[in-house]
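Per-chain residue numbering starts at 1, and chain names A, B, C, D and E are given in the order in which the chains are listed.
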Amino acid sequence: MPVITRDQVRVPLDVAPDRREVYVDNYLKATRNSGRLMLFACDQKFEHLNADFHGEGIDPADNDPEHLFRIARQGTCGVLAGQRGLIAQYAADYPELNYLVKMNSKTNLVSTKQEDPFSALLSDLESVLILRDNGVNVVGLGYTIYLGSEYESTMLADAGQLIAQAHAEGLIVVLWIYPRGKAVANEKDPDLIAGAAGAALCLGADFVKVNPPKPAAGTSAEALAVASEAAGRCGLVCAGGSTVDAPTFLSQLHEQIHVGGACGNATGRNIHQRSLDEAVRLTKAISAITLDDASVEDALAVFEGSKEYERQA
Amino acid sequence: MPVITRDQVRVPLDVAPDRREVYVDNYLKATRNSGRLMLFACDQKFEHLNADFHGEGIDPADNDPEHLFRIARQGTCGVLAGQRGLIAQYAADYPELNYLVKMNSKTNLVSTKQEDPFSALLSDLESVLILRDNGVNVVGLGYTIYLGSEYESTMLADAGQLIAQAHAEGLIVVLWIYPRGKAVANEKDPDLIAGAAGAALCLGADFVKVNPPKPAAGTSAEALAVASEAAGRCGLVCAGGSTVDAPTFLSQLHEQIHVGGACGNATGRNIHQRSLDEAVRLTKAISAITLDDASVEDALAVFEGSKEYERQA
Amino acid sequence: MPVITRDQVRVPLDVAPDRREVYVDNYLKATRNSGRLMLFACDQKFEHLNADFHGEGIDPADNDPEHLFRIARQGTCGVLAGQRGLIAQYAADYPELNYLVKMNSKTNLVSTKQEDPFSALLSDLESVLILRDNGVNVVGLGYTIYLGSEYESTMLADAGQLIAQAHAEGLIVVLWIYPRGKAVANEKDPDLIAGAAGAALCLGADFVKVNPPKPAAGTSAEALAVASEAAGRCGLVCAGGSTVDAPTFLSQLHEQIHVGGACGNATGRNIHQRSLDEAVRLTKAISAITLDDASVEDALAVFEGSKEYERQA
Amino acid sequence: MPVITRDQVRVPLDVAPDRREVYVDNYLKATRNSGRLMLFACDQKFEHLNADFHGEGIDPADNDPEHLFRIARQGTCGVLAGQRGLIAQYAADYPELNYLVKMNSKTNLVSTKQEDPFSALLSDLESVLILRDNGVNVVGLGYTIYLGSEYESTMLADAGQLIAQAHAEGLIVVLWIYPRGKAVANEKDPDLIAGAAGAALCLGADFVKVNPPKPAAGTSAEALAVASEAAGRCGLVCAGGSTVDAPTFLSQLHEQIHVGGACGNATGRNIHQRSLDEAVRLTKAISAITLDDASVEDALAVFEGSKEYERQA
Amino acid sequence: MPVITRDQVRVPLDVAPDRREVYVDNYLKATRNSGRLMLFACDQKFEHLNADFHGEGIDPADNDPEHLFRIARQGTCGVLAGQRGLIAQYAADYPELNYLVKMNSKTNLVSTKQEDPFSALLSDLESVLILRDNGVNVVGLGYTIYLGSEYESTMLADAGQLIAQAHAEGLIVVLWIYPRGKAVANEKDPDLIAGAAGAALCLGADFVKVNPPKPAAGTSAEALAVASEAAGRCGLVCAGGSTVDAPTFLSQLHEQIHVGGACGNATGRNIHQRSLDEAVRLTKAISAITLDDASVEDALAVFEGSKEYERQA
């Protein structure tokens, strides 16, 4: 059971002196004392509208937004990531969860072909701090940047300022960085993914979520290792992508961490499109790998219910 | 007579601690202690210019803006929704009404074909709070989002921030969400309407007003049920649309609530284009269904004047 | 001599409680205790550049900007409307005049064909209040909206916020609303003019200046009556337009008020393009009709100098 | 030796009451107690990049920016106009000069053909006041407006607000107004120049710098007289334009003042492209005409060194 | 060993009076008491994404961002220039270094052909001052302007304001100015480079980094001398450009300083693409020339390890 101690947490120097302990608390909560992040991505309720939550191949339970909170409660994860409003409406009944407030969002209606992507801040930091003042476990913020978009500069400016403000308050920040727009020929190009990871570091993020690279030669995990190193002190986590079968999903995750140097995972659809019971077991299997260095086989046993898992630290 | 009690009101966690009771008061006032919203939409005085208020098939009384206030006084509704300026000019003479300030508006002059729609904030929240300080019963705010417009991001940002600020002050918020713009092929697509409802939840709204979906198969009310569930803790209400005969209108409303899971209604033209007497009776018939679970037959009797109706709670 | 008393002035509820008496003072000053507005429009010094002030058919005196102030001093009007800077440079020598500060302006160089019209705020309200603090009789503000322009949303937002701020300070607000832009086929369409009048009310304006409608059937004044009613508690005044002979001008004004329900007039070129003496007599003739319900004949006698006129209240 | 006294200075009513004496001081300093402005324009160091300061026909001394300050020290002028940064770097060594801070600037790289001109504020007023607090003789501000540009509205808004703020602090303001852009067929059209002068007055400027008009009939100075009158209480000064021989230059200046009603001059290249000695003599010749009503012959004698000149007041 | 004393530092007059000593400290630290700047440019981690840090011809060590800090610690330089976030994540372990925070950045994904370049501020100054409060040696700020871009005005406005604010806090400012965009035919045109240098002065910068000019006749260093003079009291430094062999690089640098009048250098790729040991030796060779007026031969000996170098002052 890998455990990091308070003094192993590196506190960036833009954290205000009187918020250093708050930052350490938040970092340890978000990583469940492991230094690795298991992020349950619920922000696509907005980003993908209802297509990810209702229809063919999706468990009917997923149409009710409370499904997300039930999974998080019964399963194991580091943070539930969602928009401020979603959290505000449910957190009173789920006070024990750690929340990461996704600060910007866009729908998928306007295609990249019509217009380069831009995702606007849905509120300022002050509006998030009210949640914290009201007892919500807000441990950090999330923000999406479409690198290479013609609106890149606005998103970089928003993200840079947000990170500075969040750190000043002792919150951690996760950047979602996706190269996208007319200028981007290949969104999964390994050099581009590594560049995105480095950009996240330069902006001061604590974690960066990227898509798995697709190299011309070698495995995705090998290419990911370059990006993880380029990210330096910013932990890199991979997006889960569309729903695949559990063995494939867990094997990929294991490779991303142990070959690719990833510092965790960020998973949404793969979890919430399942029934409550199955989804809960998947969060435990994922956490077994991410937080406790379980093998793929052990994690699969957790998913199949033949093995118990509970994060102890 | 369905009545909800103070402790049944779910207060979102972005309401400032010292404004929780204010929020509960406003929620109960707006819903007349029913948990359902009967919204009298008067904002089209601006949005549709004078076409909805004067001309063929419209009672001459409707050209005088005071007609709206007279209907609300003599009839039964939860809130009168209108722009800040309209309310400021008449509320001194109609102090007993509940007002919902429609914060943004646009005219219908520039067509979607010419330019994707955008509706700008007409004032900040502070300017609304002055009304409240002056004794106006401002219980909440309204804001329109054209989802899928190329200006979606600005409206999402404005709405997200507005909801945070309004909740901090104990006001409720109703979002009008209409998918519209070059990117939107079918504005009444059921998946899109459900997505819009979910987006309203993620932004933290208390109620969302959508157009009734037009499904390829099944009834509109059945499709609406999916959207209502996707909206989670955000109550969904349907727009009334253009003027139809009262029996049709009341039947649709009954189905929206009892099949579609709607939490109320938002009606404008169907009410105010009639003479004062007829309009007053229609608000009572609508309220009988919305607030008191009346049958369509009983509601029609109220509209025809053969049955009395007064909300008691 | 029509006179309204202090308690007949309806104070909008966005006027701050401690500024109610200031608002009443300003309303009575601007309307010379009549409830009707005689607005001397001097803002075209900026809007039309020098074309309205120098050249063929214009009295040479009009090239000197002080001509405007001399007319206002010797003649009779409710307010002199002009840009903040113009007033700042002359008001020390004309302290007895009532001023309405025109807050936004554009030149006529960029045609509507080249670009839809937009008129930007030339200063904030604070900069106007300094004038008041320095003893200038600033009774209100003016703002122009080009309804239907692609920049409509910015002007609506500016106007809405400005009205809220001005009322909070006890100032009255006059909106100039002109439908204009690629989306507007007929700027004088009666429905459109009536819609503009209603929009001004929704924004909370005290007066709205519109162009006289040109109906397909009936007189302009008859069409104006619909707009006046649609404006509700927002007083409607008509723009004077280009210079015509005095009898025609005074007849039109009389009809606008007594048939069209107008609450006054807004006149510029018709006045200042004349010699000082003639201009002074015209302001008195206009005021005789607007403020004192004079007949056209009596007003013409005032213009021709055969009858004395002085507003007593 | 024309001298105006303190009580002859008209203080605009947007000057804060406790800054009236500061304004009078600044006005008298800038005009050297003459009421006329001799402005040494050094802002083209930025606007024209190095083309005006180095190359064929330009004295080599002009490539060193300190040349500008040396001329101002040894010569005679009212104000040295330059960007905030330039002044900040040299003023410690030239504390006796009067400075006018040019608040906005653009380079000449993007042509009007490519894009209509816009010139952005390089800092806010607060940053200028620090200079004053540090002992720099900042007597006023300058701002350029390209009237008729598609970006006109932003420049009008910036200028209007800047003038209000500057006056509130007791600073004078000089506007440079050049009609330019796709909408402007003839930048030197006399009506347009007169309109620009009137616009400067409406914005509240103390002085306006325009290009000399080119009338179809009559002299430029005669056409200028119309503009000077249209500017009212805003003093009009003419731009010097490209370098011409001294007799031509001084004759034109004399006519601009005595026929055209100009209130001074604004000269750059004609001065600084010469050697230090020659440039110094030219500032004295210009000042002899502008400040002391010298004849062209006397001014030429000053330029040629055969006559002494020193402003006494 | 060239040394300047405290009283030889010219403090611009926009430095707040109580920050003059801070400015002197920062100036002396950044220039290692030499008056010349040896800037180690690490900002391309963001600007060029990972292409400058990984791949063919680049030492593998360069993929780890900490490589940059290791070089700076073991080598000799005036400041390490990098984005705020990068510095925040590493400075706790490298407290002895002087940092220059690069305030704006863009990626290289959107080409100039697709869109004229714009680089947005990644945070405000306050967020940088937190670093200083936390003990980081922030001696100054950097900002990039693409002169001639259609977005030039926004960058000029940001830079102008930033310089004013930074000076008020006692920080020095380095501008990177690159003429670029559709309007710029030849980015290395000597007149343009000289103009850029003069623009930096007018904005108030302490140093300006430009690309070496490519004159039609004469050497680059001779052309640079014109630019250095045009920059006046703003020290000019040259960008290092892409990696070349050390003798060529050091010869060019020597010429830039001793012929071209440069005040230092700004070097990135030439240093960090090498192994730690080689990179360290190169920083010392560069510093020997820049800070201690070493000959090319001596500097080469330092690079080759046959000669010791340590800046003493």
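Operating definition for what follows: a contact is a pair of C-beta atoms (placed from the backbone, for glycine too) under 8 Å apart; a residue touches a chain by one contact, two chains touch by 3 or more.
For each chain, UniProt lists the protein as follows: A, B, C, D, E = fructose-bisphosphate aldolase.
Every value quoted in this text rests on a predicted model; they were computed, and no experiment measured them.
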Homomeric contact chain B-chain C: same or different residue positions, threshold half: different
Whole-Å gap between the CA centroids of chain B and chain E: 58
Centroid distance [mean C-alpha coordinates] between chain E and chain A, Å: 36
Residues of chain D engaged with two or more neighbouring chains: none
Graph class of chain-chain contacts, one of line, ring, star, complete, other: ring
Complex contacts: residues of chain E adjacent to chain D: 10-17, 147-150, 152-154, 156-157, 159-161, 163-165, 167-168, 179, 181-184, 191-192, 194-199, 201-205, 226-227, 229-230, 232-234
Complex interface listing, chain B residues touching chain C: 43, 45-46, 49-51, 53-55, 63-66, 82-92, 105-107, 109-111, 114-115, 118-124, 127, 130-131, 133-136
